[in-house]
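Residue numbering begins at 1 within each chain, and the chains themselves are lettered A, B, C, D, E and F in the order written.
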Amino acid sequence: MIEAVTNIPYPSWLNSGDNTWQLVAATLVGLMSLPGIAVLYGGLVQRKWVVNTLLMAFSGFSLVVLVWVLWGYNMAFGPQAHLGATGSFWSGFVGHPHPILSHFAQQGQAESGTNTLVPFHFPTSTLAYFQMAFAAITPLLFLGSLLGRFKFKAWLVFVPLWITFVYCINAALIWGGGFFAQKGAVDFAGGYVIHLSAGVTGFVAAFIVGPRLNRDKMSALPNNLMMVAVGAGILWLGWNGFNGGAPYYAGADTASAVLNTNIATATALLTWMFFDMLFSSTRKPTFLGAINGMICGLVGITPSAGFVSGTGAIVIGVVCSGVVWVAWNYLPKIRPFSKVDDALGVIYTHGIAGLIGGLMIGLVADPGMTVYGVTGKDYAGEGSFSVGGWFYTGSFHQLWEQFLTAAWVITYSAVATVILLLIVKFVCRGLREKDEVLEVGDLAVHDEEAFPRETFAERVSSLSRS
Amino acid sequence: MIEAVTNIPYPSWLNSGDNTWQLVAATLVGLMSLPGIAVLYGGLVQRKWVVNTLLMAFSGFSLVVLVWVLWGYNMAFGPQAHLGATGSFWSGFVGHPHPILSHFAQQGQAESGTNTLVPFHFPTSTLAYFQMAFAAITPLLFLGSLLGRFKFKAWLVFVPLWITFVYCINAALIWGGGFFAQKGAVDFAGGYVIHLSAGVTGFVAAFIVGPRLNRDKMSALPNNLMMVAVGAGILWLGWNGFNGGAPYYAGADTASAVLNTNIATATALLTWMFFDMLFSSTRKPTFLGAINGMICGLVGITPSAGFVSGTGAIVIGVVCSGVVWVAWNYLPKIRPFSKVDDALGVIYTHGIAGLIGGLMIGLVADPGMTVYGVTGKDYAGEGSFSVGGWFYTGSFHQLWEQFLTAAWVITYSAVATVILLLIVKFVCRGLREKDEVLEVGDLAVHDEEAFPRETFAERVSSLSRS
Amino acid sequence: MIEAVTNIPYPSWLNSGDNTWQLVAATLVGLMSLPGIAVLYGGLVQRKWVVNTLLMAFSGFSLVVLVWVLWGYNMAFGPQAHLGATGSFWSGFVGHPHPILSHFAQQGQAESGTNTLVPFHFPTSTLAYFQMAFAAITPLLFLGSLLGRFKFKAWLVFVPLWITFVYCINAALIWGGGFFAQKGAVDFAGGYVIHLSAGVTGFVAAFIVGPRLNRDKMSALPNNLMMVAVGAGILWLGWNGFNGGAPYYAGADTASAVLNTNIATATALLTWMFFDMLFSSTRKPTFLGAINGMICGLVGITPSAGFVSGTGAIVIGVVCSGVVWVAWNYLPKIRPFSKVDDALGVIYTHGIAGLIGGLMIGLVADPGMTVYGVTGKDYAGEGSFSVGGWFYTGSFHQLWEQFLTAAWVITYSAVATVILLLIVKFVCRGLREKDEVLEVGDLAVHDEEAFPRETFAERVSSLSRS
Amino acid sequence: MKLVVAVLKPFKLDDVKERLKTLGVAGMTITEAQGFGRQRGHTEVYRGAEYEVDFVPKIRMEVLIDDAEVDAVVDAIVDAASTGKIGDGKVWVIPVESAVRVRTGERGADAL
Amino acid sequence: MKLVVAVLKPFKLDDVKERLKTLGVAGMTITEAQGFGRQRGHTEVYRGAEYEVDFVPKIRMEVLIDDAEVDAVVDAIVDAASTGKIGDGKVWVIPVESAVRVRTGERGADAL
Amino acid sequence: MKLVVAVLKPFKLDDVKERLKTLGVAGMTITEAQGFGRQRGHTEVYRGAEYEVDFVPKIRMEVLIDDAEVDAVVDAIVDAASTGKIGDGKVWVIPVESAVRVRTGERGADAL
């Protein structure tokens, strides 16, 4: 063993098990975006919008990667910029933007306000890549609200702006050791920073960009449910990395977070399906309904996966799925929902589910769930950390912190989105493709269609190759 | 290094490398089900049954997750219920059912009769989640026999019953330190508990539920071979987690199990393809034939992946694929096979392949393959465990144990399936959808079709959103 | 901790974290082939060639697996055959071919000229499996050049020959501690051994096999862009295992390699897309263009992922994608490119991108990027290894070594491919399917089509099952 | 010469085709069609939104024949295609002025 | 009896169908078609190669009716389908010698 | 006015279309069809089960023209579509009583 210890090909602070878990978790989260979300949404849109959807997903993901290494990572997880007196809101508002491109920046031990309990067991590259995967999926989520009319160029400008001014700031405040983190608010893996924010942004943006062509709205049939299944399956299992990566160590709580994620998701999928069978107009179980439920469970458990016990996971699964089912079926008839064309309903399955999941921490978080610190049978207690909800502590403190944080995320994401979109509108001369373009879809925007048929096509260009 | 050791954010019994491997393996197995099996089967059925197939896969998986954490895990891997005198069959028949929802249950060090040699390096959550993925794929496998007529509601009732009364009991007997485990029978990763049992269950259930509409049987063309490729690829590589996770440690035998899995699978795929090229009526290599061969290899090596050497893996690949090829092409003409409409032929690629694979342990298991204990060059021997087959030991003892266990699994799975289906038939007033429903398919059962075309559809409901 | 150390269920030289990472990385690379490349190409070909493409991918992969364990692994990574005086080209030309099927061969600690700095932390099975995944994807890459006319039987013969006589030798020379390795040339994860070699082989083979039917070339529309997205997404994220597995330890450089891979890929995808928007005839962003860019980035960063800093990764992404974009759009009009029907343009996205990526090591490799040895803040220096390019060292030495190696790979791959194909042509009586067969496609070669419609089919055979 | 056009339920195609073969009909041309009529369509529901589909899948068959065979062919189709259930379809006959076999240029009856 | 054949823009199908219903037309048969005419097609680009598609998607509608209704039906279709833009399509009328309802064997007007 | 209907091999569509353009034919309507005739179909095998497909993919073309042009158009199609191999297809001519251009309501020859 000595021998094995002395010649490790990496620094003593690095633990290959923890580093491996974090990199795998990051890869799983990456797969949730590409191909996950890309084909899930690609299968849900009309045939004429498949290519546009795919390219927005791939290009959006790529834009975030660059923003992240150039300035985003350090704004969210780097040393605080301290724009105000220590402890004040502004002091913990955002980090100082600078790139992480040098070999120092990449290979040194990770350090961040996101974890002050135990030194990281991996380098900055690992933390930055894991968090990059988180950041990159977020715009892809709210893309679901904007499909079928958002101008491609506007997308290319909006994504970097939004990541910089909305995502990085919320991440710094809640995860990066910022104001809300100091206050004691928690968000295990992004119920607020990612899902609530994406839901609100999508909804507000859908309102500002305006609805799809009425003709499209009236015939918005999905084109391929099997492709939806491919994306949905990757989402579910990829979420093991999403929630399992949050503790930053391959410890006991990581395992619990993974288990709880699957418990809540299974519960939520079945809840929605049974609601469809019992209360829907046709009383039939639908596949896309089940997938909606699945997403509600995944999103709902995200803020608390490692803070709750299995019991809590079941409660969260039932509540998030049930509430969103009701919202999904009744809110669309009510303002403002009736006035906004949120194409895939991101405000419901991500916004509302994320909000409820985040608040439920204040109710069902189990203080017995040790996030860090020696756990289980031979418990030792030092450096131990956990969160307690009202059911266990009798105190509403945590719920109150969760509520305040949610209020901020909703308000800030909405306001910032409005401002950023006005800028984009000015820069790109509009936020919508022209109506003639919308009538045609992919062929007008990209000269490509998702399922070309050769019979009627004649090769004209001279590329001798393809 | 001292530093790195002292402040580990998890208990001293936890090894982040082993915990990571187990969680990743579990995730890979999960992916085999969703989207793996879901789209593999979804691509193999007729267009009209795609949605039904997908929803049965997603809902079945979810049902198992809940059963598992509520009572299943402890029935299979928890402390034995000791229904009879110690050492007797009934004493090792099943574990005492209780949930694993509390923080104690989730975060303590895993303990189970499944491994008595070395303490686990991960918490119960990890073991429970890994075994959950195993349990969850099993009903999806026998679903392949029942496609195209099984009543959706019956599926929702049958799956929990089957997991409880068939899967958990076989798992306890063979893996959970139960009767057959004590006898010395082995099943590395589920050739018996999962595949043989699923094959028999599917076949018996297909007989009881009755055949598909004759019209469907006569035009049972697959609808999408590329989707089959997506599922098949995920199955193959996901199987690295299936067989690689079986040892519970990321040790040397884990690596061998992964390597052998791929050796046997490649051999089996090529064997089936060459048989098609040499002996089939049209003498042509077919993609779906190759995939059948691939599955035979994956299933065939499952019971022995870490017990055999590479030579054994090749032998198993050739034998399992060759034998199943012959069975596949000739048995359907013979009773009882000619009388049962096993839609996707699960009895062949899972039942027969699993049986042969399990028996071959008795022939080709290499005692030199050390499952636990310090291995390889600087071999030390203590706590070492391995299995020996006739070719190496000259003894038929292991083969006999494998045979007895197979006999039990076949008999018990068949009998229990009959009884459970009679109960389900009574509860759900029938096991089949009505013929009018079968004529239509997805649209009748779910009001959804897999590939909707917008041209002829008119939006009528008022959801302003989608 | 003592307790945890004494009862580890694997040898003291084995580190479960490093072993886990390597096995996961190998699995990710496997997924890049199946289903990754299989469906990426399957989606890019005409409908009539989908099945043929899929089966070539699955069968090719399987053939490599067998060749690898029977003799390939030891030719590439085993003890050198020393066909000439020590230090001479021939002494480091290739390893001694023998199988790795025994339990000794599988479970002992890995040893190979590929790494002489630090003992491996995993068994031979792990190294062999990881390298098997590398070897297996290579023929699938050059398959892209041969689609739509290559004789299926010829494929089955060519793949084993090519792996044995081209891949294994290049791997031994560059990775296995052979001649070029001794010279100091580097190839982090296969820019030369895999991509450059595949590009050249595909191009030369396409010339020798001859073009597709003119009718097919003129209507070579892809059939399914969503399936391309599935493959592309798996490729991108799977590449984390491709480049992340190269260092053989889950250390700091592994993390940097993963991060840099994503930086270069995002940059390259956007570069190609912007070039399309600015310079293409229609000035429109296209999805398949973005995917081309993505592949250029993945391939371009492969030879240097852990040798360059983030800055280098960005430079490589821009250069590789930009240069290949120009080549893609102009070279096809020039000889020899205008004379060769490289179906999917593998020579561009893999050949040229791999070449440029390999040469750029000589320019932008950052000596501060420590591949092995204690890194980062508490740097200790012993056993440290890194590579320096001209921008940092002012020396062209590395560039020169990279150039010589590239010259060898190009020349040898081309010449060997010609010779092997002539042998195959003789053995298989031709390299092309007959024209009548080419006119029909899948149905003629396999009696299968990718998307069968039941309406016009009538069951005739007697299989009572399916 | 006449053109007999028949709109049928898809699963009846084989039966009709076989029957026509027995009458010595040399060939036919089929297109997949959607029918609207007494036979009701169905409702589809995606993510809570309901869509009405008034059309049902049909097979449209065209058979070019000599005047003499018209009645026999029409009766054969009607007989083979009928299930007695709503939606069985229609058959109608259209006059054809001339016909050519592309391969040979043969005209009239020889073209069939 | 006549057969009215109409080639229309796909998104006009619903309007035309509804209009015909109001005229009491009992049924119709639709096929998806590709049209070539004044309305230009489009260019598709895949991996740098350009393809010209001269055809545009159309809906082909067949309505079998009594002679008396021909003008009303044709006018209704033209009116409902027209957008005033190039590519609106054509309507033509073909004589039909006889028609049968498969289910009942009814002939002539009763077949509709 | 006449309707020329042609059933062709799919890969001949371009040639025929180009030829008709040269004759000044203003437009045409195409549907994808399946043909049954002398040209044999094929066998498909999935997971060991054999399926017979008697039909081969064809293109069905409709061209509406003035009586005067009928012979020229028919000859042009036959000439452009012929490969001399079985399965080249058929062309037939049907009388048309009237035609309308939806966009303008123009009738008769002006509708083309």
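Keep in mind that, in the parts below, a contact is a pair of C-beta atoms (placed from the backbone, for glycine too) under 8 Å apart; a residue touches a chain by one contact, two chains touch by 3 or more.
The model shown is predicted, which means the values in this text are computed figures rather than measured ones.
Comparing chain pairs A-E and C-D by the number of C-beta pairs in contact, the larger count belongs to A-E. For C-F, the equivalent interface among the listed pairs C-D, B-D or B-E is B-D, as over half of the contact pairs agree by residue number.
For the pair chain D and chain E, the distance between C-alpha centroids works out to 17 Å.
Chain A and chain F have centres, each the mean of its CA atoms, that are 53 Å apart.
Shared interface positions of chain B, defined as residues touching 2 or more other chains, are 12-13, 15-18, 20, 24, 219-222, 224, 230, 281-282, 284, 286, 288, 329, 345, 447-449, 452, 456-459, 461, 463, 465-466. Annotation for chain F: residues touching 2 or more other chains are 30-32, 34, 43-51, 54-55, 94-95.
Arrangement of the chains shown, judged by which pairs touch: all-to-all, with no pair of chains left without contact. Put simply, chain C touches chain D in their complex at residues 455-456, 458. Residue ranges on chain A touching chain E, taken from their complex, read 215, 440, 443, 447-449, 452, 456-461, 463, 465-466.
Contacts from chain F toward chain C in the complex involve residues 11, 34, 42-55.
Those residues of chain D whose C-beta lies close enough to touch chain F in the complex are 1, 3, 17, 26-31, 64, 94-103, 105, 111.
Contacts from chain E toward chain B in the complex involve residues 10, 13-14, 30, 32, 59.
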